[in-house]
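This is the structure I have questions about; it appears just below.
Order of writing sets the labels: A, B, C and D. Residues in every chain begin at 1.
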Amino acid sequence: MSDISLIVLLPLLAAVLTAALPPQAAAVGALATALNALLAANLGRQILQGGPVTEAIGDWAAPLGIAFVADGLAGVMLAMTAIVGLAVSLQAAAGPARAGFWPLWMATLGALNGLFLSSDLFNIYVAFEILGLAAVGLTALAGTRAALRAAFDYLTAGLVGSLLVLLGIALSYSVTGRVDMEAVVLLTQSDTGRIALALIAAGLVVKAALFPLHFWMPAAHSSAAPAASALLSALVVKGALYLVLRLSLEGGAGTEFLRNTLAVLGAGGMLWGAWNALRAERLKLLVAHSTVAQIGLIALAIGVAGNPFETGLWQAAALLMLSHALAKAAMFLAVGRIAEALGHDRISGLNREELRPGPAEFAFAIAAISLVGLPPTAGFIGKWFLIEGLIDEGGIHWIALILLGTALSAAYLSRVVSRCLRGGPHVAATAQRPPWRTGDVAALGLATGALLLGLAAALPITLLETPFA
Amino acid sequence: MTELLHFAGIGLMIAGTAFLAMAALGVWRLPDLLSRLHVLTKADTAGVALIALGAACLAQSFAATLSLLLCTLLVALSGATTGHLIARDHVESASSQEESP
Amino acid sequence: MISDFAFLLSGAGLIGLALFRLATSADLLMRVLGLNVLAIGIAMVLLVAARGAAGTDAVPQAFILTGIVVLVGVTAALLALAERVAEARDE
Amino acid sequence: MMVFDAVLAAACLVAAAMALFARDRIAAVAAFLVMGLLIALAWLRLGAPDVALAEAAIGAGLTGALLLRSAHRIPAAPTKPLPSAQWLGAGVLSVAVGGAIVWTSMSIGAAPAYPPLVAVAVPESGVENPVTAVLLNFRAWDTLLEIAVLFAALAVVAVVKPVRPRIAPLGPLMLPFARVVLPLTILLAGHLLWQGGHAPGGAFQAGAVLAGGAIALGLSGAVRPIRWGRAGLAWLSILGLAAFAVAALAAELLTGALLGYPAGAAKAWIIAIESALTLSIAATLLLLFFGPAERH
């Protein structure tokens, strides 16, 4: 059995097993995540050695059948999912078991893998529906009134988004007569086709929580449980961003109108998210608004990258997605631990005399460094790549915006970090460090991963440079 | 023979449609729930049965007739059951309203 | 042809009506209804596009069938959530 | 027929408007049900009987049952007067999107790529109904993910734990009703499942009919599928995804292609998968209606 078949089907089988055997759910889920990581690594190795790997399901050729294509971008996304997944599984397996977490998380994993590999728009729509439902379930797991309300709004917004995508796919069929990825370049050749593409992109903007259609997101991401928030913020929104990037890649010069819009929306999101993060009173809400800002940055990067047939600047966007996934997952896991130790997550209450900063605070600080984009983190490599390319192309105003966004992110993250890492006279002599937990290992591991990825950035860049299908 | 069945089928279908139209008119014009229900259940079932009979005459196949028979049976059954339930609910709530104040 | 055009107008109208309702109503049940009408409108537009001289293309038909099943699942989840939201409000 | 189609198309719109703008919630749901039936008729007129069957059974039938169950439990939101800018914006948006759709669909596009491919491939697919061939052979991966959507929906409902619907006994009609409906439902589901190979029908319609019959019987108090069978139903509901995924991998072991059925045996594979899916879909829909877990 090929790695591609296994990587899309194993999570779904694990979802069934975890639903059928709740007592063994954690063991099965952790095992499946580990296997998934091995498969992703092996697939990445194959792509590095022999270029894109493809598979026609049931031996039916596209457009009638559906093809899986594992190229460099898909490989990086699968690896991102696998790494974040490992940490989240570790945290969830060690923490208090919530019934229902594992089947939902496994369904999320299966949907993401299928989404990254599929090269058929309708198939991607169905994968989005699994992803949307599972993500809503993860939000609702918290069980509070706020979480339930946020879950309803999340599902409504997500469904509007996916129905807009479906409408775009229907019009794509009406214009080009097909719905596989080949249709994208055909769509860019006529006004009617561009309407179809614009509808798909509009749906994706809702699903990716890109400004100004991000209204549903901060509540959902901040009211979920920590492991769920990490998945939602680090991975689930990436599904839609990935497809936006893929459309930009497939369309080439013809998707310039989408990239221009995306750049403007991205810039707006970056500033709006940062402004709200500066004013947030609760830690989780700050991190959620920071996701709005970071999604804006990624969209901006996709938008200003220019025609992907001519420049490799889009790789910066992929790197930013990767580094944001690691750092943001680490941050949400760390916030979960901090809130657990303190009993609340008010930012003003992070200053405390009786408790020394623990590993979770440390993980938060490293993740913050990566999000701001200081060397040697992965966030730095992504931003550097982008700014370097923009200098060559003379996009000074975009560089100014990116730097402004960076300064703002440093400002809002330092609100937390400066309070977390206080020492010296502010801490009582009798203060204790919080005890180590597995959750700390997961958060710290991811944060270290984000840090080290900056040093090992050659690997994902080589992977991204394999010619896309 | 075939021609005759054809015309008979069309005639039956027209009659059935007339019944259904009558039922609709009744629901629209009649004043209270019970009389509406009265016209609905009877005219509705008869209308569907006539249309099914007409369709069977037109189709002239055993399999089609069998499934049409099944359709009629289901419509008659569900119509009667729901009609009964609605009426019962109405009577019960009316009597409980009389008792309570 | 004229029939197809009538159904196309109806499909576009359903989508328009649903979008209008979704943008103006805060009522949870109305949102669920609006999303369902939106999906039906999309299916109508797709099916009109699938019409050809040799009959209706089978692949979009399969898409719509899939869409119907997906939608009933999502509707069930939406309604369950809406019920719990209402209940939590009462508590 | 042109006049009929035009009236039907207009009636769909009117019913939708009634559903979306009704003041009374039950009236809104009733209008939605009427629209579902009209839409099923429209699908028939557009040459898609498979879709029409599914729409009548699932879109109008089961969605209608779900909506009726929930209508009185979801209180109406207090109506706040909206700013007229929002009304205007919503109107402009709707008209713009609707207009764009009509314009895009009216302009001549490329001919659909699928019909010639389907025509060539159907003889090899193991079934004669092209829609079933697409759903369970050419694009079976879509269908597998669709089953995963149902699984995810059930997982969400299990997390949310809604209140169980109220059972209102049918009184003296209970026994005769159950006696007729139960065998008819099973007969019809079996018929639809078998027919799907060569005529409109298939696992989804059959599963929905089975679930519909079971819901009617459950609500009437005639049988209590939920009380004695919740665990069994839960197992059945996940059976579909499990069987489909295992079959996909098993087929790859045999033929080297994911979901590639062995030559000559495609029909047997499809019927086996469809049978598992029918039971599983019925169980899933039933649990989506009654709630998968007892509340504590």
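In this text, a residue touches a chain if its C-beta (ideal position, glycine included) is under 8 Å from a C-beta of that chain, and two chains touch if they have at least 3 such contacts.
Not measured: the values here are computed from a predicted model.
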Co-neighbours of chain D and chain A - touch as defined: C
With contacts counted as defined, which of the two, A-C or B-D, has more C-beta pairs across the interface? A-C
What's the chain with its C-alpha centre farthest out from chain A? B
Using mean C-alpha positions as chain centres, tell me how far chain B is from chain D in Å, no decimals. 27
Gap in Å, rounded to a whole number, between the CA centres of chain D and chain C: 12
When centres are defined as mean Cα positions, the distance from chain B to chain C in whole Å is 30
By the touch rule stated above, which residues of chain D touch at least two different other chains? 101, 105, 109, 111-112, 114, 118, 138-139, 142, 146, 149, 152-153, 156, 160
At which residue positions does chain B touch at least two other chains? none
Among the residues of chain A, which ones contact at least 2 other chains? 64, 122, 126, 129, 133, 136-137, 140, 148, 151, 167, 171, 173-174
For this structure, give each pair of chains that are touching. A-C, A-D, B-D, C-D
Enumerate the contact residues on chain D facing chain C in the complex. 1-2, 5-6, 8-10, 12-13, 16-17, 19-21, 25, 28-29, 32, 35, 39, 42-43, 45-48, 50-51, 54-55, 58-59, 62-63, 66-67, 69-71, 73-77, 80, 82, 86-87, 89-91, 93-95, 97-99, 101-102, 105-106, 109, 111-112, 114-115, 118, 130-131, 133-135, 138-139, 142-143, 146, 149-150, 152-154, 156-157, 160-163, 204, 281, 285, 288-289, 291
Mind pulling up the chain A residues that touch chain C in the complex? 64, 122, 126, 129, 132-133, 136-137, 140, 145, 148-149, 151-152, 155-156, 159-160, 163, 166-167, 170-171, 173-174, 179
Residues on chain C engaged by chain A in the complex (per definition of touch): 15, 22, 28, 31, 35, 38-39, 42, 45-46, 49-50, 59-60, 63, 66-67, 70, 73-74, 77-78, 81-82, 84-85, 88-89, 91
Which stretch or stretches of chain B touch chain D in the complex? 70, 73-74, 77, 81, 84-85, 88
State the interface residues of chain A toward chain D in the complex, per the touch definition above. 1-2, 4-6, 9, 12-13, 15-16, 19-20, 55-60, 63-66, 99-100, 103-104, 107, 110-111, 114, 122-123, 126-127, 129-130, 133-134, 136-137, 140-141, 148, 151, 167, 171, 173-178, 186, 190, 192, 195-196
